[in-house]
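One structure, as structure tokens, below. Some questions next.
All chains are identified by letter, namely A, B, C and D, in their written order; residue positions are counted from 1 within each chain.
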Amino acid sequence: MTEYDPKDMEFRFLGNTGLRVSCLSYGGWLTVSEDSEKVTKECFEIAWSRGVNFFDTAEIYSNGECETVFGNVLKSLGWKRSDYVISTKLYFGFGEKSPNGRGLSRKHLMEGLDQSLKRLQLDYVDVIFAHRPDREGVPMEEVVRAFTQMINDGKALYWGTSEWSAFEIEHAHHIATKFGLIAPIAEQPQYSAFHRNRFEAEYKPLYDLYKYGTTIWSPLAGGVLTGKYNDGFAPGTRLGDQSSPVVQRIRKQWETPEGQAKIAKVRELTKIADRVGCTTAQLMLAFLLKNKNVSTILTGSSRAEQVVENLDALKVYRKLTDADVDEIEAILDNKPDYAALY
Amino acid sequence: MTEYDPKDMEFRFLGNTGLRVSCLSYGGWLTVSEDSEKVTKECFEIAWSRGVNFFDTAEIYSNGECETVFGNVLKSLGWKRSDYVISTKLYFGFGEKSPNGRGLSRKHLMEGLDQSLKRLQLDYVDVIFAHRPDREGVPMEEVVRAFTQMINDGKALYWGTSEWSAFEIEHAHHIATKFGLIAPIAEQPQYSAFHRNRFEAEYKPLYDLYKYGTTIWSPLAGGVLTGKYNDGFAPGTRLGDQSSPVVQRIRKQWETPEGQAKIAKVRELTKIADRVGCTTAQLMLAFLLKNKNVSTILTGSSRAEQVVENLDALKVYRKLTDADVDEIEAILDNKPDYAALY
Amino acid sequence: MTEYDPKDMEFRFLGNTGLRVSCLSYGGWLTVSEDSEKVTKECFEIAWSRGVNFFDTAEIYSNGECETVFGNVLKSLGWKRSDYVISTKLYFGFGEKSPNGRGLSRKHLMEGLDQSLKRLQLDYVDVIFAHRPDREGVPMEEVVRAFTQMINDGKALYWGTSEWSAFEIEHAHHIATKFGLIAPIAEQPQYSAFHRNRFEAEYKPLYDLYKYGTTIWSPLAGGVLTGKYNDGFAPGTRLGDQSSPVVQRIRKQWETPEGQAKIAKVRELTKIADRVGCTTAQLMLAFLLKNKNVSTILTGSSRAEQVVENLDALKVYRKLTDADVDEIEAILDNKPDYAALY
Amino acid sequence: MTEYDPKDMEFRFLGNTGLRVSCLSYGGWLTVSEDSEKVTKECFEIAWSRGVNFFDTAEIYSNGECETVFGNVLKSLGWKRSDYVISTKLYFGFGEKSPNGRGLSRKHLMEGLDQSLKRLQLDYVDVIFAHRPDREGVPMEEVVRAFTQMINDGKALYWGTSEWSAFEIEHAHHIATKFGLIAPIAEQPQYSAFHRNRFEAEYKPLYDLYKYGTTIWSPLAGGVLTGKYNDGFAPGTRLGDQSSPVVQRIRKQWETPEGQAKIAKVRELTKIADRVGCTTAQLMLAFLLKNKNVSTILTGSSRAEQVVENLDALKVYRKLTDADVDEIEAILDNKPDYAALY
């Protein structure tokens, strides 16, 4: 067991709480393979050695397998429980047919968390997220009551939202106020240089009102912001896969004029990265870290080297100047405007 | 273990919650006999195979035996807990003389639920009902506090009422508001084509204010709406039993002019059923399902064939036209009027 | 100006308040004629001289004229404001076509009270009643907020309900609790020996929960309980009027077997009255006064002698024994049962 | 003075209140000219004679002049106050430079309403709207407290919002809940066949949660939906004005390919109108009236004939079939989708 040493990691409060998370963290959403426990353990160890203290998963990831792997890895690593922060997310169930096997009903939430904790071999998670809003008719009171009870039961310390609209998050706060319940403290949103409106504009009042926290997913726009598609969709890369219909559909979006215009921007960003002396991915992570409303960026990888590369974005973030940021903004030319949103 | 498959079942939210129940469900109120486990298991399996996910019982049914049978059957079937929804009801105890052995005192409620859970071999029920209002002096605050605690203790996910007046249900909501407690979400009322006033008129504001759910019992008016007494009370039928004083009292009510007028209506309903191509019972269940304030109808039987007959009412419901419903209403000629109620 | 002297009047608190009202009081619902100011003034003076301190009217009575008459009479009598208690009732407007000219919207309530106060030439009424529930879609929150504001504005001291169901009164209390508003304190219900269910059974929990007050109207069942129709509907009596279709419709109800059975009971009651040495009307008012949930009975008359007769019921009430009451109950044979109600 | 007669007008509750407004109403936003009192009086009289009972203005309209005209016209017409419903809107002040002369500060709201009431010569308006959200830093608590006080002071019966985001409206409800204040009951939004997203998608949860009311402005997209620009921007029409830079900017938007595509749709709508036997404007108003979340449509005109034309849309609305609506939807091809919004 390696004793935890934060080294030169930067920690940020996860929203308006006292919980400190490393600004770069590890998300386990990737597919689980045969040697996934071994690989995950390597990734955890590297991240840990660089000061990462926050690890995120979800019940749906590989239908519970990701949580099981996390549980086994954490057990074998033997880290002190207070040294790390772990979150999981409930909503999707395992995609089964049972009508109560998914969603945000009290039934799925209470049953789902108990199942997740078993797989994780933990008494509690630090943060439990609602992986999506439930728009099929579940009243918000039921949702907020269930998460409050999880916290009161000691099965979670905080609760958060994922991919909820600002309206829905505000409504959850309203209901918490109304019934004296516990409000969510953070959102897990998609956010990248190419996906900014919701994070920067729609959520703006949430930062002002509640200091709402954020745990970012897809910070590199599915890989496009790494620059690896600057010269086309080469075989061997994810979007270069000619066999998967899903991948082909995504690739087609990048092949439209709008998609190509974005990739042209990535080529410009790569030039800045070259000048700064980092990878394009690192530049893009550093750019997001400059936003103080980012609590932490979830970076996920099943390769140790990539974990290292991602974590080194911290150094880039520290040396990135305001002029660099302005130059990136000029290339992106997509800064959201709250006033324009409504 | 059969994996749950909802097939073409229709699910409805149980009131203003995220809990989905099959619109036809299984109620275990019948008497328990020697082979009741075997019979109940058969009924459960047939219902399950048709998409039923909701099963209801009560502490009083055969003085706890019904819960015990349910518990054994559920254990032997090995269904996944999240796939089914189970409720029980507290109030009557076992008819014992002990002054605290029944009613809605905190003492009976807390003790009663623990006993029910033991018999059911479960950690929690999905819904716990107050089987009757307690009008002997138990303050509503005590009742609502006890049910709230059951939910907070994880022994139930929701609570409901059974045979409460609309006033009492509203008073429970008032007390929940006043003390920040959890309000009931559904009522288990008697409701049939011959017993409509309370369900359709008295409860009307509850649907408007709270989207209050309902789990219907006695949907066939004790069998009269099956048409089996259309030609008199034949020996071998329940009401044909000449030995039981209770049965004789009930039969006498059907032999009054008012009772006979109702049976004349059933004969007309049977004609419609013949035309539609279903049994009178199926027609009557389908007629109730047309009411959107019905969350689920509890159908109870100890014979597998009858379970099948009841569940096939779903098909009848789906083909019943507005004109059919109008014709049924014209025969019944008893549509309740909220304005006339008060 | 006559100084007020309560003499031997009995005062009762109007529900759970500190407001004391004479148990017999004066209601001005009768039609207004040319000399109505003169007649009303006579009635007021007689009532006053016997200790009556409570006077009730409504905006709808003769489309505002009744309030105007009350206002003029009160002004000319010059009574001290603190000596008398006055109430009016809002709901019906003047029957005009304007969609906001009636009902319990904030608009009609606020505008209606201001108009009533002008007609009454008063700064405030003691009690303002909602003359009916508004079941056309006005939310209870709006109703309770408006009455609360009237009280906060000093335009009324208390508010009450009239012909509301127990459910609606409980819902008003719920809303008052929920929003920290002022709940109603009394109901103005129809109540007589022939109209008991609502008052004695449906409202029962309101007395237990809130010590809800009552100001009774139609205590003599439209005159039938005076015994004046014991021998038929003679010309010159109200129900003897052959010209009015409305009267004829009411008379027909008394001519049914059920109606005749009631009149047969009145004949028996008249025998008791004879024995006790009072009129049948006085006996019936005395019988109602025996019910401690009656705060006051509104007796209305445009003839001075009748006012005297009604007020003398107080003496009958004081000498009526429990055995007399039992005898009356035996004749009536209609004591409501709360359990039977639901 | 003409007595008010609703005739065959359709009234709708303004949100979750008891206030009934005619579904077509009169908005006074147009510019005020020399004979504006005469013209406005004519328009009021015609509208009134057709059953319109709701009239809307704002402090900014002609810098207070519109309110002054409304006040004079109402005074000269002498209508009964309870027969009509009047609203005004605060936010913009008169465009003055004083930092406190506009916005939603308590200072501007309290001062602004008093000034508006003076101009209107009224003791109270029925509804007071916040003409815009104040995003410059005014806390919502201050805004909701100020509107609550207006209502408690008797200067307004209800308050509403105009052009607020669903988030802001939900936040106002949250604050009202938190501090026991009065929440807004209706929004005055732009809504037309070409401007649907906010009304139909963004606001959707507000209808579900609060039955939020709406008073529509710009129902004809600035005139384009009347069909008068189907053949170009002719001299003499509003958008044909070559002298105004503002008008030219608006016209240019309609001259883009997207703008022209919309006008092509209007040409198709005009064909339907011809077939139905009404003007394109009437068809478009009728189409909006089909949406049950529309409480009332503000139609504004300074020409009596146009008022008549607009109000005759009620007849078109009554005969418009579901098939007609489907056809209109097919042409518009812009039905908003809540799921796509977020």
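Everything that follows uses one rule, which is that a residue touches a chain if its C-beta (ideal position, glycine included) is under 8 Å from a C-beta of that chain, and two chains touch if they have at least 3 such contacts.
For each chain, UniProt lists the protein as follows: A, B, C, D = NADP-dependent oxidoreductase domain-containing protein.
All figures in this text were calculated on a predicted structure; none of them were measured in a lab.
Enquirer: Which chain's mean C-alpha position is the greatest distance from chain D's?
Expert: Relative to chain D, the chain whose C-alpha centre sits farthest away is B.
Enquirer: Can you check whether chain A and chain B touch via the same residue numbers (shared by over half) or via different ones?
Expert: Different: fewer than half of the residue numbers at the chain A-chain B interface appear in both copies.
Enquirer: Using CA atom averages as chain centres, what separation in Å is found between chain A and chain D?
Expert: Roughly 43 Å separates the two chain centres.
Enquirer: Please compute the C-alpha centroid of chain B, do the same for chain D, then give the distance between them in whole Å.
Expert: 49
Enquirer: For chain D, jot down the residues that touch at least 2 other chains.
Expert: Not one residue of chain D touches more than one other chain, so the list is empty.
Enquirer: Return all touching chain pairs.
Expert: Pairs satisfying the touch definition: A-B, A-D, B-C, C-D.
Enquirer: Would you pull the chain A residues touching chain D in the complex into a rising list?
Expert: Spelled out, the residues of chain A in touch with chain D are 135, 165-167, 170-171, 173-174, 177-178, 198, 202, 205, 209, 338-339, 341-342.
Enquirer: Chain A touches which residues of chain B in the complex?
Expert: Checking each residue of chain B against chain A gives 4-6, 11, 13, 16-20, 53, 80-83, 85, 126, 151-152, 154, 157-158, 180, 182.
Enquirer: Which positions of chain A touch chain B when the two form their complex?
Expert: 93, 96-101, 103-108, 110-112, 134, 136-139, 142-143, 145, 149, 152-153, 179-180
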